Amino acid sequence: MKSFLMGTAALAALSTAPAAAQQSVKIGFISTFSGPTAVIGNDMRNSFELALDHLGRKIGGKPVEVIYEDDQQKPEVGVQKSQKLVESDKVDFVIGYIWSNVLLASLKPVVDSQTFLISANAGPSQIAGEQCSPYFFSTSWQNDQTPQAMGTYMTQKGVKTAFLIGPNYAAGKDMLTGVRTTFKGQVIGEELTKWPDQLDFSTELSKVRAAKPEAVFVFYPGAAGVQFLTQYAQSGLKGQIPLYTAFTVDAITLPLQKDLALGVPGAQEWVNDLPNDANKKFVADFRSKHKNYPSFYGAQSYDAANFVNSAVVAVNGDLTKKDAMRAEMRKANYASVRGPYKYGNNHFPIQNFYLQDVVKDAQGNLTLKTVATIVKDSQDQFHDKCPMKW
Amino acid sequence: MLLFIEQCLNGLQFGLLLFLLAAGLTLVFGIMDLVNLAHGSLYMLGAYFAATFAAWTDSFVIAALLALGATLLVGMALEVVALRRLYGRDHLDHVLGTFGLILFFNELVRIIWGPAGLSLPLPMWLIYPIEILPGLFYPTYRIAIILTALLVALFLYVLVMRTRLGMLIRAGASNREMTGALGVNINLLYTLVFGLGAALAGLAGLMQAPILTVQIGMGENILILAFVVIIIGGIGSIRGAFIAAVLVGLIDTIGRAFLPDVLRLVLSSRGASTVAPAMSSMMIYLLMAIVLVLRPEGLFPVSSK
Amino acid sequence: MIASLTPRNVVVAVLLLLLAAVPVYAAVTANAFLVTLFTRVIILGMAASSLNLILGYGGMVSFGHAVYLGIGGYAVGILAQEGVTSGFAQWPVALIVSALFALLVGALSLRTRGVYFIMITLAFAQLLYYFGVGLDRYGADDGLTIRRRSQFADLINLSDRTQFYYLCFALLLATIYLIWRLVNSRFGMVIQGARSNDRRMRAIGFPTFRYRLTAFVIAGAICGLAGALLANHTGFISPATMHWTRSGDLIVMVVLGGMASSFGPLIGAVALLSLEEALPILIRAMAFPVFGDAAVRMAEYWQIVLGPLFLLVVLFARGGIDGLLAGARRG
């Protein structure tokens, strides 16, 4: 019901003046703002808004207007909202996309209309490869990269056998594939669970117990991450078999996972304590405004705002100069909170990945800490399949 | 072997949770002939109430009891205010009317509690596993669910089979007109039965909350399974609901547990992971379709009106 | 159709004229999105009309009708994925597979009645839904993007929004006409008779099962075609299209618009869209004098009015909007 009702746009679209001359920059921000993963969407929105505040509510010197749309974590809603943003609201940039399946469904209408799509999170392998587009840029990563870093780390730690668990959708599959690429030990079991409905992992955890691996790698973003860790502890596996994660323990889930997350390492391209100036300002201002730490979702959204700004500045606000904007974007010429990085031919970042661990800070609060750099200047493995060359 | 036992326990636990939801549904359907799609909303309210009361009282058990009471009240109020006007009408009317109620409750919950959902943490004494067989550790909380649901099943059995109220319920289920003609206050009976069904749904909702979810629309997926259960078991039959629910729970869990490995013999690992849960879900619906074609009254039909 | 100037006929005529004028208006105001919006309404109106044949006229409450939207959509999607982008191949496949599935479901289900029929149609719909979820090669749960619309050589270019719109509109009108002819023939008389008293019809000598099955198959096929249109329109198909809640949406459109009436389902589809826009405005307008600025936030929760509205329609306006327009009418 909801998807039908919410998925069609307003009749009020009737009289809005269409080409309201390029006096402002219009951005469509599409994320999840309802359901259990709304916390992620809110974190992204808060970070994006903070970035706009830092930019003086101007992009490239022009006032900015943001339209937020809720994809309800569903591909079919996401594609409809994306269509609405480019066709009805006629935005200049579409930013956001937490979920890889939503992004995959929504890519075509946006890039076909020659609107820039900046993914502030999802990084499916297809878009890094055959479906790469001159109108697509990522300020996050390619899905496989993060688990690849974790796979490298697990090998470094001498893990011989591993069991992989993740959700059965585009990103989940990418994650498990990523670990397999770099993990040199033996994968003795792999389970993909129904997403997002299945939150009961008892079946899979029973299999883990029976298989007796040396380690378990898991990818469960958002609320599912909380449930997984809870059930992992309940089944008695915590303390017996170490967990290695990607995107399962972050600033959003940590307050709910609490002590269950202590000692559970994760790999990330950004952690809140990275020592560059942009990051220090971002984290400090975010904390003073919202009390908790921003998550990597937020960091990527903050970057997206500055990224777009750098492009619009380069063309002096003339948004019709898309090729010039693209040229500027390819330089990654802005102060990213993860530090400087470059773009590969498929418009995905070539960047470092760090090991994050959960520790207690001076006040006894749980926080994430960078422990080591696992890999430098990592580039995704699909860039060869992308026909773009520049 | 231990793995198989563990998976059976998982299936049993899921099935029993399903039973709690289905029991209320089959009672209401069997006695008042009411198709109540909003049953899933009562399940959702149970979870939301429990999460809220737990945050206020810091006690899981007190919160659970309060939530049960609250859901019972909401259920009875709902029956008196809205649902009793639907008695005697076409099933299509029930479906549409209660479908509207689903929308209403989803939105009401969104207004009161916000769009993001809540969480209900488990008390520490329920978090860790116990060793129920040598070498077999099983989460304490899930054992608690199994035991609670079995107790409730026993309670329902005693209620329906051994008390006067139960006798009235059974009479109402097999012949409504006669029961009314015999001077029983049918309105009150119906309200009580509906309240009981609501409380059962709320119990199911609050029990799964710590390990699964408290979010808007959470009742919709499991509601459809509950309907499958009561069709297979026989409308109006609590015994049928029990057996069918456990059956469905086992099929779903064992299917998800062992089907991927079986399929991996013929498909790729990814393919197996995608096809397996779909197949076990399909098996459940296939079972219902077969029952409907061969024995439409269900496996344990209540005597006809 | 006898064209007398009853309120209902006037409303229908105006509605049809407005719908026909949408692309023109959109061109004038340079708002192409309007066409996109109303194309969807028309396609869903077509699907709802097909459901009306069996639900409104035939009394067969199928809770699995959205499944044909999925079948039609996947016919287009899967064939496109495998390189067959010709509409001449895709659309007949959509029609035939839908008809065959309807034949199977109908043959097994139509022996049951009441809630059992509802549940068994639901069961088959969920079976197919989960089958779609298991289609690893075709996107499974994530769905399938359809890169190219159905190609019809030089006959018509579906990528042209306006041409596509008028094609859908033409198919909608053809559907309504076809159903009107069916319903007003002996065939339709048997279906409607079987709805009110099946035993009597059989006693008179009509093999009602065969008639009802035929209606079921026709409805399924038409909905399959609507599914092919929908997939072209959205450029995307996923199992979610077949979920039981979507079948619920279709039922709502039929009942809200008016069962057993030619244009009721279309009115229902339009009404739901209008409600989505009108309700927030209405709430804002009514709440403003009392709540001031808070009225804007209150308007966001418009769905809380929609739910009880259905219940009220069920209780007091059983004939739907069409019924209200035509005067007192038993549903």
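Which chain is which? They are A, B and C, in the order written, and residues in each are numbered from 1.
By definition in this document, a residue touches a chain if its C-beta (ideal position, glycine included) is under 8 Å from a C-beta of that chain, and two chains touch if they have at least 3 such contacts.
The structure displayed is predicted, hence computed values, not measured ones.
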Contact-richer chain pair (by C-beta pairs counted) among B-C and A-B: B-C
Most remote chain, CA-based centroid, reference being chain B: A
Separation of mean Cα positions, chain B and chain A [Å, integer]: 36
Euclidean distance of C-alpha centroids - chain B vs chain C, Å: 31
Shared-contact residues (touching 2 or more other chains) in chain B: 99, 103, 110, 270, 274, 277
Chain A, residues touching no fewer than two other chains: 1-2, 168, 194
Contacts with 2+ other chains: residues of chain C: 133, 140, 245, 248, 252, 303, 306
Chain A-facing residues of chain B, complex: 2-3, 6-7, 10, 13-14, 99, 103, 110, 115-117, 119, 122, 127-129, 137-142, 210-213, 215-217, 221, 253, 256-257, 260, 269-270, 273-274, 277
Partner chain B, residues of chain A touching it in the complex: 1-2, 33-36, 38-39, 42, 168, 173, 190-194, 197-200, 202-203, 206-207, 209-210, 223, 226-227, 230-231, 233-236, 256
Complex contact set, residues of chain A against chain C: 1-6, 8-16, 18-19, 74-76, 79-80, 83-84, 87-88, 100-101, 104-105, 107-109, 168-170, 194-195
Touching residues (chain side chain C, partner chain A) in the complex: 29-34, 36-37, 40-41, 44, 133, 140-143, 145, 147, 234-236, 238, 240-241, 245-246, 248-249, 252, 272-274, 276-277, 303, 306
Chain C to chain B touching residues, read off their complex: 55, 61, 63, 108-109, 111-112, 114-116, 118-120, 122-124, 126-127, 130-131, 133-136, 140, 244-245, 248, 251-252, 255, 301, 303-304, 306-311, 313-315, 318
